[in-house]
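Dropping the structures in below, format is structure tokens.
One chain, subunit A, links the two complexes that follow: it is found with subunit B in the first and with subunit C in the second.
Up next is the complex of A and B:
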């Protein structure tokens, strides 16, 4: 009673400030129940004792508890929203299933909307100067160099770059390529970065 | 076509384009490549680097990578062959050739823009355009006129044409008679780096190694070597001044140093025994050779025990006086001057590294007994790094020691076993297949070291041929001119070509150094016979 549950909820959420917890359905349901209860009791008392002003203090206390619950819940949701926003920048438009499970349905809806918005914004960037958009999520920090030197470790065949150039990846040939293009191949072990 | 302005006509053209970099397997090329890579990295010129070993490899490398490529830079390859004819490129592909192999193919010289030679050597006597090429279409037009006059005019024209053809033939013969090396490509690349103000220590170091390689491998006459490094000396001296206050970073210095290979990572005795400059003069293949070496060490005042242990754990006093002791003792044994001005890389918290050790290390890596050439090439590039810790240099130094030991063993066994045969105008030796040393001299570079060693052990007045097995059926044949240390122009390139024609042997002239050929082992005797007949 009186906003104890909601404080518990916030404390739980605060324990992991960097990661997102599963959406706490159960607790939120309990808090909403508590709020309903408080509201109902207030209604009863307010209607029943129109004349008797001795109960007003009680009503007031209940009302502030109600409002506190509301504020805390909003804070909880807002905090999660901020975290979901960063998820979009970290994971891209498709969430891995284990992260997806942590979100509630409404939150996921919001995520998809945000994702679409962001994508259409990024597409619109630079259209006036002939680019078809810029992927803002690619380099969140300024890269040290746009190109890196890589050594080809295996015969991989042809690789088409974004600008249309085609290069042949053959064992023991060296290439100086845009960083973004080689990341996946480096992860696959076809290329090796030379530092 | 030669490039006049290194910066505007070469480098600025490459800016912003994809470049295909084809690099030959030799020390100079690897150093040049290192300098160019540094420049390309700064300017975000994306490139593809493929090492090539011969003409056919050059062809496949070009065919595999020519998609969307408009600019090809060839380092130490392609200058001596007609590129347009061999590679059949598209019209708009431009080749920049930086090749120290000479003579340059005449078609490359007079190509109108497709093949651009980056550096013009003043030593080359390139025949004039009019003496070599002639419009044949004009010839076909029969002059109209009365019978006799027309006939006379035709005859006159034919005679002029014959005379011109003869003259062309002589000119071309004189021009292509010798194969030799020009200024190290790395010196040209260094010049470029300096022009665009990016001449740092890594570039200077790479150029120093290239210059040292031309000295160590006798690619150029000593005087020319000195002239080549002129700009290098100046840049190093200039850098010294700027860096005088801080020794926190690495730098290259020019110092008088003992001209022994790898002695800093070896022992003094081993370095003396395996040094291509001193070893032949000690005549180690003879019974007296070992005694002479001990005598030399005694004259230097080095106890055997000290001389045989690793240089770095030798007595400090002895280490300090090595140079003066060797200089004092050398004349007594009729040894050549054992000291030279050497480029040394000084690094903080690491032992100094002389450039000519790295030359041998690179040789050891690209012609490693087990490693493939391509892998060795990558290691060789890494061994030129001035900073950071890499295993490549250590790997190379170890390989070089093993190879030098093998070369010494091989030459000593050949000479003491009287297997250096005399065949008319030249002498030759053949490395038998199956001997433990054969593995080490599969490549032209180490075989060249062995051949020059044998040549100078015999006085060096006769040309010398060396042959070693490459695989089961083929063998390598390499020629060393007489007095190679003074006049390294090599006549064997043209001679091999003619002998091949006469003997009908299926000789592959595919290596870029014309004085090295591969041929089937079965046809070797008949080829040598033809060569004897030709040169006699």
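Up next is the complex of A and C:
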């Protein structure tokens, strides 16, 4: 059937709306193959229709199938781009290896481009008044209190605080830190907030 | 004046201006969060506030760590920072979502000098669209049969839903707001009194939001 594979592709992607699946290289290749096949058949028939109008409907149906395939493939990629964008906000510019594996090479390229673009925008903020830019990926949640208690989940090494103090983050150690400075580490999973 | 002099004094001096800046910023933020489309930027306010933050941070650092005032000011600062970040982030989200639409509109607005985006935001939007196009092209479009390879941007564009309803409060008395009747042709006119609250469709009040006559709540 026409355009059946592409629907499978979209349905698979839809199954996990919050997480990203591995890039489905194989299926996309199959869909593109189907498109080429349809196109070839259309070319043959279209050349033949000059004399014979009876094939015209077939050509039209195939053409809509092609259009549909294209539309759905673009939708698939666009949806993945949206998910990749959220990865940038969650993990910062460096992806953990297990997440990195889920992206195709082109998608990873897109991710780095997106990341660079975002970074250069953030750097440009407030440049006129001598600011070196703001990191918009901080302050994702409204601040509730100045300091929070955190539990260290992994050995991270030394962390220098804004006021110059240096603390060592060791597994299972507890700290009382300024909220602003441990947000990134919390998102990376090094620290965990204890309520 | 030497800024070391007295933190209280310098605070007092700025309060009048800093407070209005913060208020404008807050209402801009509120409008941006609630409006379906992108609004004119308030870059001057953001920059002014950033300067203010820098100044206050320097003052706070001069206080001893244990001073109560320091932590109260710090808390306030982190709230303000959150507002700024969230404001800019909301704008970025809209720019990304309605990218094609916004760039097209913005090109027209730039000719008339009433641009909504800051130069940096516009650059970001263009770059974003470019990256998206090249990604789509590289991955699938170039591998498709010849007549399918073009990317039809107009078909891809997402438009903000201006027909959505918003809660709003009138800052000034505005008379004769025309509410279009989409089905029939009985347009309705209403007056907004100062301080009154309404639920209306966004489209008829869009200009009022942009000029600050009404505040979305």
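As a working rule, the second predicted complex is superposed on the first by the 147 of 195 C-alpha atoms of A that agree within 3 Å, B and C clash if a C-alpha of one lies under 4 Å from a C-alpha of the other, contacts with A are read in each partner's own complex, and residues count from 1 in each chain.
Just so we're on the same page, a residue touches a chain if its C-beta (ideal position, glycine included) is under 8 Å from a C-beta of that chain, and two chains touch if they have at least 3 such contacts.
Everything quoted here is computed from the prediction, not taken from an experiment.
Using the contact criterion defined above for the overlaid structures, shared-chain residue A:108 touches neither subunit B nor subunit C, since it reaches no partner. In the superposition on chain A, A:85 contacts subunit C only, with no contact to subunit B. After overlaying the two complexes on the shared chain, residue contacts for A:174 are found with subunit B alone; subunit C is out of touch.
Counting the residues of subunit A that each partner touches, subunit B and subunit C differ, and the larger count belongs to C. Legend: residue contacts after superposition of the two complexes on their common chain; A:146 is shown touching both subunit B and subunit C.
Common to the subunit B and subunit C contact sets on subunit A are residues 145-146. Looking at the complex, you find that subunit B touches subunit A at residues 18, 37, 40-41, 44-51, 64-65, 67-68, 372, 374-375, 377-378, 381-382, 388.
Those residues of subunit A whose C-beta lies close enough to touch subunit C in the complex are 28, 32, 35-36, 38-40, 66-67, 70-71, 73-74, 77-78, 81, 85, 104, 106-107, 109-110, 113-114, 117-118, 121, 124-126, 128-129, 131, 134, 136, 138-139, 142-143, 145-146, 163, 179-180.
Interface of subunit A with subunit B (complex): residues 145-147, 149, 151, 158, 164-168, 170-178, 194-195. Residues 46-47, 50-51, 54, 65, 71, 74-75, 78-79, 81-82, 84-86, 88-89, 92, 96, 120-121, 123-124, 127-128, 131-132, 135-136, 138-141, 143-148, 151, 155-156 of subunit C are the ones touching subunit A in the complex.
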